[in-house]
Amino acid sequence: MSRKHKRRSEKVGLPAGSLIHIGEVKTERPELVLISFDGNQLTEKAAGNLTDLCLPEAVGTRWLNVYGLHDPDLMAEIGRTFNLHPLVLEDILNTDQRPKLDTYDDYLFLVTRFFSYDKSSMLIGSEQVSIVLGRDFVLTFQERRTGSFDPLRERLRANKGHIRTAGPGYLAYALLDIIVDRYFIALEQISDDCETLEDEVLDKPTTCVLQNIHKLKRESVTLRRAVWPLREVVNSLIRNESGFFTHETVLYLRDVYDHTVHFIESLEALRDLLAGMLDIYLSSISKRVNMEVRALTVMAMLFMPATLIAGVFGMNFKYIPLLDSADGFWVAMGGMATIASVMGLIFWRRQWLSRH
Amino acid sequence: MSRKHKRRSEKVGLPAGSLIHIGEVKTERPELVLISFDGNQLTEKAAGNLTDLCLPEAVGTRWLNVYGLHDPDLMAEIGRTFNLHPLVLEDILNTDQRPKLDTYDDYLFLVTRFFSYDKSSMLIGSEQVSIVLGRDFVLTFQERRTGSFDPLRERLRANKGHIRTAGPGYLAYALLDIIVDRYFIALEQISDDCETLEDEVLDKPTTCVLQNIHKLKRESVTLRRAVWPLREVVNSLIRNESGFFTHETVLYLRDVYDHTVHFIESLEALRDLLAGMLDIYLSSISKRVNMEVRALTVMAMLFMPATLIAGVFGMNFKYIPLLDSADGFWVAMGGMATIASVMGLIFWRRQWLSRH
Amino acid sequence: MSRKHKRRSEKVGLPAGSLIHIGEVKTERPELVLISFDGNQLTEKAAGNLTDLCLPEAVGTRWLNVYGLHDPDLMAEIGRTFNLHPLVLEDILNTDQRPKLDTYDDYLFLVTRFFSYDKSSMLIGSEQVSIVLGRDFVLTFQERRTGSFDPLRERLRANKGHIRTAGPGYLAYALLDIIVDRYFIALEQISDDCETLEDEVLDKPTTCVLQNIHKLKRESVTLRRAVWPLREVVNSLIRNESGFFTHETVLYLRDVYDHTVHFIESLEALRDLLAGMLDIYLSSISKRVNMEVRALTVMAMLFMPATLIAGVFGMNFKYIPLLDSADGFWVAMGGMATIASVMGLIFWRRQWLSRH
Amino acid sequence: MSRKHKRRSEKVGLPAGSLIHIGEVKTERPELVLISFDGNQLTEKAAGNLTDLCLPEAVGTRWLNVYGLHDPDLMAEIGRTFNLHPLVLEDILNTDQRPKLDTYDDYLFLVTRFFSYDKSSMLIGSEQVSIVLGRDFVLTFQERRTGSFDPLRERLRANKGHIRTAGPGYLAYALLDIIVDRYFIALEQISDDCETLEDEVLDKPTTCVLQNIHKLKRESVTLRRAVWPLREVVNSLIRNESGFFTHETVLYLRDVYDHTVHFIESLEALRDLLAGMLDIYLSSISKRVNMEVRALTVMAMLFMPATLIAGVFGMNFKYIPLLDSADGFWVAMGGMATIASVMGLIFWRRQWLSRH
Amino acid sequence: MSRKHKRRSEKVGLPAGSLIHIGEVKTERPELVLISFDGNQLTEKAAGNLTDLCLPEAVGTRWLNVYGLHDPDLMAEIGRTFNLHPLVLEDILNTDQRPKLDTYDDYLFLVTRFFSYDKSSMLIGSEQVSIVLGRDFVLTFQERRTGSFDPLRERLRANKGHIRTAGPGYLAYALLDIIVDRYFIALEQISDDCETLEDEVLDKPTTCVLQNIHKLKRESVTLRRAVWPLREVVNSLIRNESGFFTHETVLYLRDVYDHTVHFIESLEALRDLLAGMLDIYLSSISKRVNMEVRALTVMAMLFMPATLIAGVFGMNFKYIPLLDSADGFWVAMGGMATIASVMGLIFWRRQWLSRH
């Protein structure tokens, strides 16, 4: 967390709208991919700057993907071309934004996040995806090329369903739908790790397990912090006050909304599960203390009587029974063994020797 | 949980409205049961597809039960016949939906869940029941034939009350009423198991008991996640903005609403009970440690003085009192026994030997 | 809890409005008591059925008490006479309702609960009191005759205050007032038991104390579940949308509302107190472990040096100092005693021997 | 708490408006103090009843202090003179009311509470102050003469600020301001005690400290229960729907509102502090167990090897090395001392001998 | 905390609007810095009182910084010049206010706080910054000169962006922006300390660590108490009901609002982290007890058999095997060593000798 804040603190005192990229700076060149389509045709172009793209004027819907945000000049050029407010550009470059929706007269500006879970480190990585929805265009901004939207591109090319005729609003819906579906994938992977932990917590409650539980808990909080505002965003979209969506598309957005609510509930269930695992962990630790003390007690109980008997027959009284008997030693040893056996039997009966 | 998400993740990138059945795939053939009735007559038909049913035109109210959701062609046919939106069909096939109400112009679409509690595994199984309420028909969709609605069918056949004359709204109410009543049955069974656990937690607080407490807690969360949205659904129905219900039926829906609120409160009480059991469990564990330590202490207190006495008379000093006396040994043994007895008496008085 | 649900589950699938008495079935005959009064006169009649009562037509206000709900015919007759909806009758017979207010055109239907605390079992018993407030009548339904409303009857007979002239609304207020006052009595008794527990938790923290704390907690939840909806009910009455109350009576209802809020706050304070007692209980348990371990440590510290000394002089070396001296034994014994005394002094100074 | 409820339960069944004083009954005679003032003049009178006061008719603003509430006749007389509703009088006499505001046509009725903290018993005492604000008068009712409002009286006499010209609304504001300032004094004293406890909890975590933490927690709940409704009361006053306050006075009331919010936040911080102290307490207790066990372990580790060595040389084998050597004993003793020293050094290094 | 309240309590009974400085009294002279600017020119003046400043009449926007609040005469003079309400002046002098917004006809009055974190004491210091935003002026009040607003002054001098032409509303926005950015700096530093603690809590869970966790928790509460009302303040500013802000500036305020929400979420994540560290701390403590007991158990297990063997061969029976054998002693010693070795091996296998 501190990493991000440090970056942010570097901007203190600078005027708002300063185009400084807060994020992992990439050295590769940024890449622009433009897909223009209507019901009949679809053209794809890729280039390093806007001029090379020769943006077509008004051929149905245009979808411009921008990969790489570290070139302020390019960003400023895009801003001028699509008439974006400086604050929008600033928010695109600040890649630690929370999901939000800003409504401008000519376009909607959405900030969303992609999540990917890294199993080895048990950490959730996230990537900001900024979406600008205009009357006849959709812009998406990502820090690097990830291929997450490839299935959508395939559907566009294949002209499946009414995706090519339903306008930019439907395209924005499709992007959101993919983003929310990705949340479920991350959640599945966390759930899997959670189940592994659940077994470990009973078998071998090490401090490492505790740390992992807390790690997952923290990651689930990260997911939650991203999805709650997303739910609000989708809810605002459904209200459709600026008319960027058709009546039909709003029905589909309602579907996305249902998915986010479903996701939130699954997440809460996961958090409940993790909380329960903490209880079980602490109880296991407590149980361990118990078993250690019991082992010590059993030890003491088995040896103390024998040691006492040995002490008794080691006393230097003149007349001690058995001392002169030839079998005295074996009688004493037998006594020790008998007492230990009887005690062992009692412990076994009370299940003190079991591990649970 | 992960099971469901995995299935869901298989749909990533597919266009919304794709009719893919997310649920336990059945190999049996789907079955359709149609009941058409008005105040005077009632006809029942069962078939494997719509054509065989020869849907009658407008004879009072029609109730079509669909068992088995894995045949996309059949589902698409039903969708066409009753003019259902593709998203409705998709939601019917996704059988891990949360309860919800979607209002369309010509019909209401309700998703609800049946719950059944399996005592041996302490798990709640659930089944999605989708209900479509039109102006003159009711459709219900279930994954398999369970017979849950048989009492209602009996009442229809027997023409008891005004169920045959009150229209499809009243029929939908009757279905909801049965569903909510089933919630109470599941809750009763959980409560019974909970009481069993309550006894165990005091007698024998094993880790298994702890796990069962958490299991019941998790199941109660499952129930809660299903019933809170259901409450909202029923509340929306009561508002009756689309006029699918008569004024009289709204009174009955208010009754269902009271039942769900009652159920929620009973559930919260159950959760309080489970939380209290956790406290008692942890306290019992702590108490056990206490008793083990006490046992060890009592042991040490009984043997240490005796061992010391034996040691004292085992010293090799030339002049030790009693050593030469004939009764010396018995005096020493008597001393040991006396000290142990006095200590035992003290412990008994302080109730250190009791188990509580 | 399970007891109630089982009863409820017996009704699954039956049509709503079925008059089946859910509650403790009484074998005694039901009893009806009618009080008719206006500013000038008051008549009382008691009978087993409505016919015997010869309900007077329109003499001021009529108050009909019904004791015993197990006779469906009688209930149906009352329903017909006062024009009650079948759902109202069903709710009267289901005696595990939560407090609620249903507004009908001609009457208000209130469900409330009486509470009585049984000190020996530490359980709260409750009884449903259903009140129907019409334009010129008040009906009250109870499962048995308890005499709770006797003070009110006395005031009616004595014609104290304006109770006989203020109409049925004021009478309903007076009933509610008595019911809320009864809540305070139950709370007082619980508070008393709570104070007793508070002493015990410090002196002798047994598992039984823990169970009693949880019992009281659960009972306080029961009270809370009854009083929160009651607050809503009274609040709805104050809004007086159907005009059943005079402006003056609404002021009095506001007073009842203040009482319920006051009650809720006292209850929350009680719950805080119980939560605090749980903390103290767990801390006492932990303290006990501490004291046991300390006792063991003190024991070991007192005996170990002495045992070592005994062992040292029990060694078989040829030349051991003091062994041949006549006072050697007493020197050794003195050493043991000295060490034990010094240690005892140190422990006493550090307050290890005190019990706190 | 139970004390108050018992008193309240004595009123069960009595008609509302019965003037029965619920509070600590005073034997002294009640006292009335009347201050009449306008911008030019101020007259003060004190008497035991209203007649002796010869209430002046309409000379600016009149402020009547009533000390002592146990004389129902006097209260009834005041009620008649100022035209107060019976419920207002009843609420004045019930001195365990929660803060509230009742709006009548001719006056506002405010119930507030004074708090005073008793350091020796760590308990908060409270006193109800009822304020009636009319168009040209202010009435204040207290159980006894405390002098809390003396500074205000001084300001009236000194004619400081615009207190004598700003009307009864401003006077009521000034009373509220003093009451809220008193809350801060009580909070300061609790905070001081809290800091003392904070030191003790680390140094000497006795059960007494735990009880005191819970006591302070409970008292802070008492304060909170009084100040939350007061906040609502002040908020209602600011809305000024009945026009009892000038626009200017409303600004001052907003100031009082800010104070109450500030107070609530300080109180929440105090509660957080107390919760943190509970954690530290429990952790200290746990730490103590740890140290006791460690002491025992160290003891055992220091003595066990020595005892074993003594035992070894106490065996009766014919040929045991060193036994016949003249220095054998000292070698054995040296061995014991060396082992103990080495172990002591290890413990010291691992900081097992430190107390933290 | 108590420090502040004590100061506040000194004001009890004084009329509202009394200009008494509640805060750390400075002995230095107060200082006034005036910056007047419009698009073309900018003049800066510094003086000790208003007269020396010769306030220019209407040259674009004037920004007056006041450092030092302890001179009531100066404050009163400023109040007269800018027509401020007495309550505003009182709030400026009371430097323990919570953030708030008061709307007057001619100006807005904002109270905000600067935070600075002192790493050595782990305490957050805060300083009240009061801002008055008029139609053509901005006043800022601070207790001392800190240089926090220097970057803004630089931007004004450099005429970067549209800060000199956008009016006083934009200037107020810029001030708020700097204040919120400072919050992030404090949070970063706390997060750093938090990470240090996180390592310590696992390695060496001393009581000091616990106290530091609670200290950071308390400081995070302090931050939270400041930022929640600030969020409300900014939200009110965005509504812009009095028209102090241009439409463009409102967009920028929305940006500040996003920052405060982002800050709140980061803070909540920090609090979750601290709560998790508490769990880990308590678990570590518990683990320590476990390890101590285990060490004791291992000790006892290694020595008890050996001690018993020594005791057995120390018995005085006439015929004990091995006693007369020349190698008897070594056989016994070998037995002791073997048993200890075998046990050590078992412990090593069960990982009882590891530290985790």
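The first chain written gets the first letter, and so on, giving A, B, C, D and E; residue counts start at 1 in each chain.
To be clear about the criterion, a residue touches a chain if its C-beta (ideal position, glycine included) is under 8 Å from a C-beta of that chain, and two chains touch if they have at least 3 such contacts.
All values reported here derive from a predicted model rather than from experimental measurement.
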item	value
Shared chain contacts [chain B and chain E, defined touch]	A
Required steps from chain A to chain E (each step between touching chains, minimum)	1
Fraction-based call for chain B against chain A, same above half, different below	different
Centre-of-Cα separation between chain D and chain A, whole angstrom	44
For chain D paired with chain E, centre-to-centre distance based on mean C-alpha positions, whole Å	27
Sites on chain D at which at least two other chains make contact	282, 286, 289, 293, 296, 300, 307, 311, 314-316, 320
Chain contact graph, described as a line, ring, star, complete graph or other shape	ring
Chain C contact footprint on chain D (complex, rising order)	1-2, 5-6, 8-9, 11-17, 85, 87, 90-91, 96-98, 100, 102, 206-207, 210-211, 214, 217-218, 221-222, 225, 278, 281-282, 285-286, 288-289, 292-293, 295-296, 299-300, 303, 306-307, 310-311, 313-316, 320, 322-326, 328-329, 332-333
Residues of chain D that touch chain E when the two form their complex	151-152, 154-155, 160-161, 163, 174, 177-178, 181-182, 184-185, 187-188, 191-192, 195, 202, 251-252, 254-255, 258, 261-262, 265-266, 269-270, 272-273, 276, 279-280, 282-284, 286-287, 289-290, 293-294, 296-297, 300-301, 304-305, 307-308, 311-312, 314-321, 356
